[in-house]
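Here the chain labels run A, B, C and D in written order, and each chain numbers its own residues starting at 1.
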Amino acid sequence: MIIQLDTSIDGDKKGRIEAALQSLHIDFYPVQTQIGHYFICTPKQEFDIRGIGHLDGIKDVHRVSGAHKMVSHKWKVDRTIIDCGDGVRFGDGEMTIMAGPCSIESEEQIEKTVEVLKRNHIKVMRGGVYKPRTSPYSFRGLGMEGLLLFYKHCHRSGIKIITEVMESAQIEKMLPYVDIFQVGARNTQNFNLLEALGKIDKPVLLKRGISGKIDELLYSAEYVFKSGNEKLILCERGIRTFENSYRNTLDLNAVPILKEKSHLPVVVDPSHGIGIRKHVPQMALASAAVGADGLLIEVHETPEKAVTDGQQTLNFMEFERLVSRLYALENVL
Amino acid sequence: MIIQLDTSIDGDKKGRIEAALQSLHIDFYPVQTQIGHYFICTPKQEFDIRGIGHLDGIKDVHRVSGAHKMVSHKWKVDRTIIDCGDGVRFGDGEMTIMAGPCSIESEEQIEKTVEVLKRNHIKVMRGGVYKPRTSPYSFRGLGMEGLLLFYKHCHRSGIKIITEVMESAQIEKMLPYVDIFQVGARNTQNFNLLEALGKIDKPVLLKRGISGKIDELLYSAEYVFKSGNEKLILCERGIRTFENSYRNTLDLNAVPILKEKSHLPVVVDPSHGIGIRKHVPQMALASAAVGADGLLIEVHETPEKAVTDGQQTLNFMEFERLVSRLYALENVL
Amino acid sequence: MIIQLDTSIDGDKKGRIEAALQSLHIDFYPVQTQIGHYFICTPKQEFDIRGIGHLDGIKDVHRVSGAHKMVSHKWKVDRTIIDCGDGVRFGDGEMTIMAGPCSIESEEQIEKTVEVLKRNHIKVMRGGVYKPRTSPYSFRGLGMEGLLLFYKHCHRSGIKIITEVMESAQIEKMLPYVDIFQVGARNTQNFNLLEALGKIDKPVLLKRGISGKIDELLYSAEYVFKSGNEKLILCERGIRTFENSYRNTLDLNAVPILKEKSHLPVVVDPSHGIGIRKHVPQMALASAAVGADGLLIEVHETPEKAVTDGQQTLNFMEFERLVSRLYALENVL
Amino acid sequence: MIIQLDTSIDGDKKGRIEAALQSLHIDFYPVQTQIGHYFICTPKQEFDIRGIGHLDGIKDVHRVSGAHKMVSHKWKVDRTIIDCGDGVRFGDGEMTIMAGPCSIESEEQIEKTVEVLKRNHIKVMRGGVYKPRTSPYSFRGLGMEGLLLFYKHCHRSGIKIITEVMESAQIEKMLPYVDIFQVGARNTQNFNLLEALGKIDKPVLLKRGISGKIDELLYSAEYVFKSGNEKLILCERGIRTFENSYRNTLDLNAVPILKEKSHLPVVVDPSHGIGIRKHVPQMALASAAVGADGLLIEVHETPEKAVTDGQQTLNFMEFERLVSRLYALENVL
């Protein structure tokens, strides 16, 4: 059960509601986000909602069966729209493309990518500065130095930045320069990181775990929301299966299911989803057709020379061709 | 290596080629299909192709590295088109929709379905008469009796029939009434069945195994081809993964990969692919966008009353709405 | 619900029971095996068992909740013992080792293997004569010719034969020479084959499917039992997972679970279970420790030269060392 | 390639070796652990080892092909023994049992568990104080307060403590009270945590990821080692598969493979491995038979009342019975 409070509720009224819940022996969690105040109740048994519903300061009471609460579609029927400013929105019915290199490598690389994005009316650039790598001997990203370069060029061009954060300790220093924090597939169940991201007021894009169940992704989103941040975007990026003809198995079933279960926007990363450059465009088109709210695509001037993920990265020409097909497709859907 | 022979080659010339191969100690398999004569060679070591290429009766010699031979894209650059007659074709660039109930249940059911198909310009009806069922206590299909009813109504309406065959012993009696033999996911590696289907001259639609690898599907197709039947259609229908929010995980990565590796048409079964009725249309749209040559969709007048698979079956209205969206999408792609 | 009938029941009494079931609108399946007569009932709703229990010819009535009936532990509390004669038994508390080459290759190979088995008091020899192969270009076994050789040498030495059957059409000719019919992992859900094996009076060893669920294996066993053959042995042989460091992932969890759910003996194939020769002995020991009723082990005089599966086959010395460790282990357990 | 340095090497000599490597254009990583100094080299091409091997301060040069270096069996042929003091050792050929509740709940619970452990000559107690939970609404552990209680009772009884650490920020405060830091399956690829654990001088038990590949586990161990901590124990705890008859699929194949590839001790957690209380003992026996260096077993006085994981936790009587069977088994193996 979710008790939604008046946004202007004062401490006294809040206290009286808490007291009422305690007197009914109902377990509850107070949640305060950028947008609202809530009590999430996980009662052990049925109780009469009328004992609470009339109290001052309560805007609405929602019964939410099932294990997920705040992220559930059951209490919030309208789809959530994440507004990043400057016309960048997720979940409003239009598809938002995010593109850029796997790793930020150099100032020149950023400049050229920004130019391509602008020419194609794309307003969000991706690029990793902290890279989680299976092997400790692989390139680990340019770190804050790379982020500052990234920011310099994007900021002046009105391009938003999405980049991965790997641990709580990085959040504070990254905060001024990042528009959307990405949580990678290896960190989907890094609960300390999720809670730390719940305490900031920037959108969080949460990737599904490498073998993450739909339910687990929703629980992870619940962690962020419960900690105070409603600005959440879910991302399907391929799962691990027995099939070894491709890097991951893009699971587009996840898109309609996540939209059925949750009110949050759902985007797809076709680059990781198949991991093979020449097939990325088709998977991107399929992602658009299935109803994704956005796409996360790896692009590089010369994928052959990219320090990471070149095998699944489009070059500029391939990317521009794809974008025009995506726009055409979107017009029909 | 594939040695493609003149279609009019006589026994003498064939014998001379065989002798030449033997003298070079090359393992070979003679293959004769509806369309061509071939020798498939699996030499243990490199050899000089010139020792053979000049012989009379040889049309072409193709080097095919990799384990798959006849089904490989490497020797047959053009995509194969399977022509079922009356304008029903797979692989010609247009998408062919096959639709109908999971199981044939009654004459009335067939009639009503045929009517819907005709109204929507769909020329292939699916419907099971032999049903592979996990439990021996489940409905197993109407058998030949059902097939005769199925044939009666489709034949007079110019609708082609696709239906599943479960064992070699069924082929002969089914042959006059079936236009496309479907091999189900549990029989993808039933090699005796595959070889038996290699000996007939009707198209075979081969479903990917429940946890079938791409390579295994291609090998299974190779079994049919090698036994003499080139008329093959591959079908992605969802794989088994850890995810239990849906019946199967539709693996659309398989479509571009199969088309890269093989010259055969590739269709998708979105009904089994997600197994949830309300999400089947979106998965069908995604399948079209990814480049499928056809779709296999479960449709029933009243899915709630279907004896099998009702939970993933569209009703007539849902189906017609989907078809019009598919046609619109196809116009853009 | 399972109605167990008197073994000497006559047609009249049977008819009266059938009539009683019909009058109660209970769906039922008559089953007659080597050992007993049964009616398996799958009633759609609760009913009063007393309306039937008193009828003449009924030995016992067992309520069996759950989907599996005849193979379930719920009605048959004692473990089933499969007696193959000459002291070869499965499920009596002792572990029965079956060993031999993947494929029967030659008379000499059989003779040498028989000798090793005899020296180690092993009474069942495995060896494939019909080989299901992923690729149509691989060795497919010596067929009936191989089986006759196999039989000649085993029969005179008092060694039992277990070998794989691939399709119904092979059963009749194989029947005189085979002691245990093995159904391979690719045929676990070949329901026509299962039903055909239900009609003979020889034990059937049923391998778990390549990605077969526990429930599916039990349903497949149910197919054989329901068709008339109670002599069933279940076999864990490794499943398909994401891990590619070994051929399959041996799932020893399956042993206690299958024994909990079913009354049938459960054996393990550690050779396929890990697929790496040097690690087979440890997996065999683990299989013994977990409570397997038997083991299926690949052995060859010179594994390096075996036509199939050499990479997972023990040589004679390795095998003999393993057997003595297994016997020592069994004494403690 | 691993260059092992003299333990007493001084800065000058080290500098000369670095200079030599640089002059040969070899990428290298200096590593300093509790036990040794190393340069790990990842040269891009072959080079003449003699240009380096003669330099002062070099103890040995090991060629290590393959991607894993420090954890590889290729350079360190002897198995590593992790000595926790007071006779608690991993990897010396004897099996070390670690047991205790999933979560530390109360002082009384700790006392009773300690008593049972002592009676059975078990010297390591497990117990979680920081619990990673899928849902944010689940019990999250008693935290430092619980750890202090845990320490108080174990310390005075000579029992070692193994407990899970969830993020870098927790390490410092936990350090005085923990004997072995456990990294859970959700954190196997939390690289920041791994690097932080590389900087302390306490053993780290690293669980395989929920769908972690063998190679990934070894890479994660490499992270810890490279950061300075050689005291590593690997743990198989079941993987995620399609099978849903048990919580996880215990993958005992992993034990011989990890011991083949790495010199580190390998333990097994049969409680998570099957997740079903009554079958834990058999999986523990199988783990012992396959060669595990230790076991991690969940035990609670009244599993039915345990706040977490009760369904897979043994009660004291079941545990003691298992321990005596394990000791008997170990004597034979």
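Please note the rule applied: contacts are C-beta pairs under 8 Å (C-beta built on N, C-alpha and C of every residue); 3 or more make two chains touch, one makes a residue touch a chain.
Bear in mind that the values here come from a model prediction, so they are computed numbers and not experimental data.
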Intersection of contact partners for subunit A and subunit B: C, D
Contact-richer chain pair [C-D vs A-C]: C-D
Centroid distance [mean C-alpha coordinates] between subunit C and subunit B, Å: 33
CA centroid of subunit C to CA centroid of subunit D, Å: 39
Centre distance in Å when subunit A and subunit C are each reduced to the mean of their C-alpha atoms: 50
Residues of subunit D whose C-beta touches two or more other chains: 211, 215, 240-242, 244
Subunit B-facing residues of subunit C, complex: 29, 40, 42, 67, 69, 132-137, 166-169, 186-187, 189-193, 209-211, 215-216, 219, 222-223, 226-227, 240
Complex contacts: residues of subunit B adjacent to subunit A: 211, 213-215, 239, 241-246, 249-253, 255-257, 260, 273-274, 276, 278-279, 282-283, 285-291, 328-329, 331-333
Touch list for subunit B against partner subunit D, complex: 211, 240-242, 244
